[in-house]
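Below are two complexes that have chain A in common, paired first with chain B and then with chain C.
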Partner chain A sequence: MLNEGVLVVGGGVAGMQAAIDIAASGKEVVLIDKDKNLGGHVKEYGALFPDLTEGASLVEQKVRIIKNNPKIKVLVGTEVNKLQQVEGALKASFINTGNPQEQIFSAAVISTGFDNFDGKKYGEYGYGRFPGVITGIDFEHQEEAILKRPVKTAVFIKCVGSRDRSKGMPYCSKICCMYTAKQALELKKAQPNAQVYVFYMDIRSNFKNGEEFVRGVMENQHVKYIRGRVGKVIPTNGRLLIRAEDTLMGVPIELEADLVVLATAMVPSQATQSLVTQVGGKLDNNGFILPIPMAESENPMSLTKGVFYAGACGFPCDVKDAMNQGSAAAAGVLSYLQSNRGAAK
Partner chain B sequence: MEEYQRLSLIDPQRVAKLPTPEKLFLFLSCTGSIEYPGTERAVRIVGEKLGIEFIESVDQTCCTGYMLTCNAVNPQLALASTSRNLSIPQEMGLDVGVFCNGCYGYLRELAHLLHSNPAFKEVGDKANEALGRVKYHGHTKIYHVQELWYRQLEKLTSLVKRPLTGLKIAAHYGCHYLANKDVAIDDAQYPTFHEEIYKALGATSVVYKERRACCGYSVGRGFTHREETVLPHITNKMLSAAAAGVQLMTTTCPGCNTALDREQKTITSRGKHVSIPVIDLSQLIAFALGAPVEQLGFKANTTPVLPVLERFVI
Partner chain C sequence: MTMVITGNSTLQAEVEGICDVNIDACIQCGTCTGGCSGIELMEYGPRQIIQLIKLNQRQLLLDSKAIWMCVSCHICEDRCPSKIKITSLMDTLREMACKEPTTKTNEQIKFHKLYVKQVKAFGRSHESILTMALTFKGTPLPPLKLMKDLITRMRVDMTPPHRPNKSYRLSIRRVEEKGGKRHGK
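What follows is the complex of A and B.
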């Protein structure tokens, strides 16, 4: 018995894109998300780089397409707890509104996304202790309130978690340089008199128009980029004293701020590990999906037989890239189903 | 609620893993025993009250961290000395307790090098062989006494004879303990366990602005004698403590204690008056547990201690 249904685990932008593209060819798709709503992290984001589309409106557009396609069945508030290869097909067990269910699929896409690094792990910055210290994610979630609250000086600290081997994360989270520049721009636009500083290790704006965007924020908005790490944040006189080093000038510097934004890293989501190992895939040292060597796979998003992945469960990526990977995984699923049917006949 | 108590980053799992030994090898600290002999005595007194017997050995030498830091010796000497020093408690079948953050940091680090690199271990083995000692196998565990005190905080609380009610104490943790991120029981950048100990002793803890600033010992008094670099730094630290109303400061490292206590005289001589006694955490605990004051060696301090503590002596 050949069941042609496709399972997509994780309804963020990557998973939604994969579901849309697979269903467009007429295949049945079951899209499962553990959250109450589709859209993953992006639904809570404000403007997205590079064209400043609102995260919520992007998610709305995708959800509308999904709702209008009867081929896509959406199960939210549902967690897949088992996914196994069974005789050339995939058996998934999941709990939907308290009811355990099992279903056979012919292919699957894992798009379980990422978690946010816990800013509290840097005691020196006082996240969760000192009022006024927030993460970049908090900035996105509470954007309106933050932009309204008058700020004399704001400080953005990049690479909080990323590229720090002492915190077990040697990798670059890739998106923080861009979203920090974007948030600095938004703050400057809302409060032109605010002094905005960005402390950086390197500026990695390797996206289309990325370099120009960051340059614009520096040159047109006069956001001050300082190369160096912030050593400590110290609450003083109701403000936050920033103690840092300017490594280009080679001098220690101090400044007082009202708002400190930590660009925290993207870390692998917990759901990824168990799913990937159950279907016979592997994780890399950081806990992201270990890709098959390029010359050995037919599709860039292949994981194991009939299983593909997309988005930040593979490695930190921006929204556009997550959607690209969703589409690529969909193409992989479709060609796999086509060749599989050929083999069955 | 006090600032430090919000969101403690103390790792309860690491605390629970700490032993409550009956017998421990006491690794003596050069700086501690020379500068503030009362510290060593206080460690023994607190140990006795908690039921820990400390054994020492005349064979033990300096941890060599001192010389290693200022590149006075090549690392082989430090490795050989550590291997030899740690073979002493190994022979006694005891784990090691230290009361100096420096000894703690260097012993931990060098012991790690010894049992993770066969070539380094051989350096140690050869030295022990030449001295007719047994080989060091790398299984001796190293603890700082401050963590052992914290491990038995409840018992300590029940033993307090002189509650330090109203005494405003501030902590200076010192880098070389907390920097051992894989074993230290608290967060390196925002530690709070000393404040919990003060509370158990009935005292009030004060969070001052430069609480997390380094003592400057290595740069100033210790090795390089760069007074011009370090003095403004310590002045800043001590003045911020004074501004916060700190009456007493504690350390867990004789090096830190030396810098913070002795330099106050220099600071004052340059026109900024500051007088905050700085003592070891073990001295403070021993005092609160009722140890005779004359045994705690406060006379060794440059900044007088008794004016602050005397009112608690009945």
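What follows is the complex of A and C.
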């Protein structure tokens, strides 16, 4: 029972970091991801705020470490459909290249990540209907094409899906303020003559160097921030008419744009729910993992006996934070295994 | 203009007592005003109306034209991220304005009262009678040319109004007895 390995579900940055840290201490790790490649959402991202590291190169570095460590076994294109606690260990069943498999693990890290909010739920913004309306995630995926296409006016709309009780998501997705500022910066750098507007309710840049980054976008790139949430996007003469209120002036405003970017929220992934409930964990009202109260758990990332979590399956977080949580979960796993060994003696 | 704030808003407590809204849930995002269909005619948008309630500006609000220019299209309410029932709120404010003794001279309220009286009596509005009634209340008649055109082109009904049937009269009585106590519930 003692020599069984550790299962890491989800090969995003949090899961990769956890796998690397656990394997570094000599433990066997099985890293499972349902995608064909490791790296989760981050592998498709361009530059990451605030220091503009390329998401793809970060993932490349982590994948290289994982490949060079024989202790880590990577199973891609594999989905864990059952995870149960059996006599102090964890039994996982998954389908690997068509073959159902079962394996016993002594501990597990859940890092199933998040999904992107579907912009089509906001009919008034016309995502999917009006050409020129894209989401921030589309911007990341098609960055080069978007930056090349000449744009006269671009509008960024924040809080699409975040902080909206009527859509059932009262929480703040945390990263949208920063990635919007970053995308505005990239657009302005690629096309200095473009007019770029950002419609915001509040600017939540509470990351290291976050405030300076957003101020820099405003002051040095002259991106115009307008306080107000857009009411409607109307296609007019081949362009997009934005109707909103400038709440600082208290007047309705209209402006025509060629590109509208919706800063969509992070929503909990479907995979999280079934896994967490199977091992006896709980979800909060929004569908993210409900952590054990701080004063009751030994490790901040612990969920139930031998199960830890990391990354955006707990709550929206940035890449840096996801890696921190991965490391914290790894530390939790190692100390759990150590104390278990002590108990077995 | 300086608004003097003294203590908690009594207006807010009053509004929240009549209608099912939490004024403090408003995050002042301006989505309501951004989509408002009557904003061109309003001196305050829905967002500002909510802020005025917080600031206890009772007289300013109840005298305002804005609350009467809302056509209850529900666009604001539909898009509000804080689920505030703005349409119910507007109804409540209009109701309060009608009861307020100081707003009797307000043009909108005069019109509103006559209009409701007519709908109760005839089941619909009757433009020519409404125009006459407004004239008696001190509103000047429309220009003669306009009146002539409206009548000759049969835009205004000059025949006497019909009397609604019994079931309509009964339902109006029922609404008067029971309804209109609490909005949005």
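Simple rule for what comes next: the second predicted complex is superposed on the first by the 343 of 345 C-alpha atoms of A that agree within 3 Å, B and C clash if a C-alpha of one lies under 4 Å from a C-alpha of the other, contacts with A are read in each partner's own complex, and residues count from 1 in each chain.
FYI, a residue touches a chain if its C-beta (ideal position, glycine included) is under 8 Å from a C-beta of that chain, and two chains touch if they have at least 3 such contacts.
Values in this document were obtained by computation on a predicted structure and should not be read as measured data.
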Put the two structures on top of each other at chain A: do chain B and chain C fit, or clash? clash
The answer to whether chain B or chain C touches more of chain A is C
Quick one: classify A:Q84 as touching chain B (first), chain C (second), both or neither. neither
Would you check which partner chain A:K232 touches, where first means chain B only, second means chain C only, and both and neither mean what they say? both
Using the touch definition from the top, say if A:T247 reaches chain B (first), chain C (second), both or neither. second
Is A:M201 touching anything from chain B or chain C once the two structures are fitted on A? First, second, both or neither. second
Counting only touches as set out at the top, which of chain B and chain C does A:R165 meet: first, second, both, neither? second
Taking the superposition on A as described, I'd like to know which of chain B and chain C A:K120 touches: first, second, both or neither. first
Determine, under the contact definition given at the top, whether A:R129 touches first (chain B), second (chain C), both, or neither. first
Would you indicate which of the stretches 21-29, 39-47, 57-65 or 201-209 belonging to chain B has clashing C-alpha atoms with chain C? 57-65
Shared chain A surface residues [contacts with chain B and with chain C]: 124, 166, 232
Give every residue of chain A touching chain B within the complex, in rising order. 120, 122-126, 128-129, 166, 232, 234-236, 241
Chain B residues touching chain A - in the complex, by the definition given at the top: 3, 6-7, 9, 181, 187-191, 209-210, 212
Contact set on chain A toward chain C in their complex: 124, 159, 163-167, 201, 227-232, 243-247, 250, 252
Within their complex, chain C touches chain A through residues 25, 27-36, 39, 44-45, 47-48, 75, 78-83
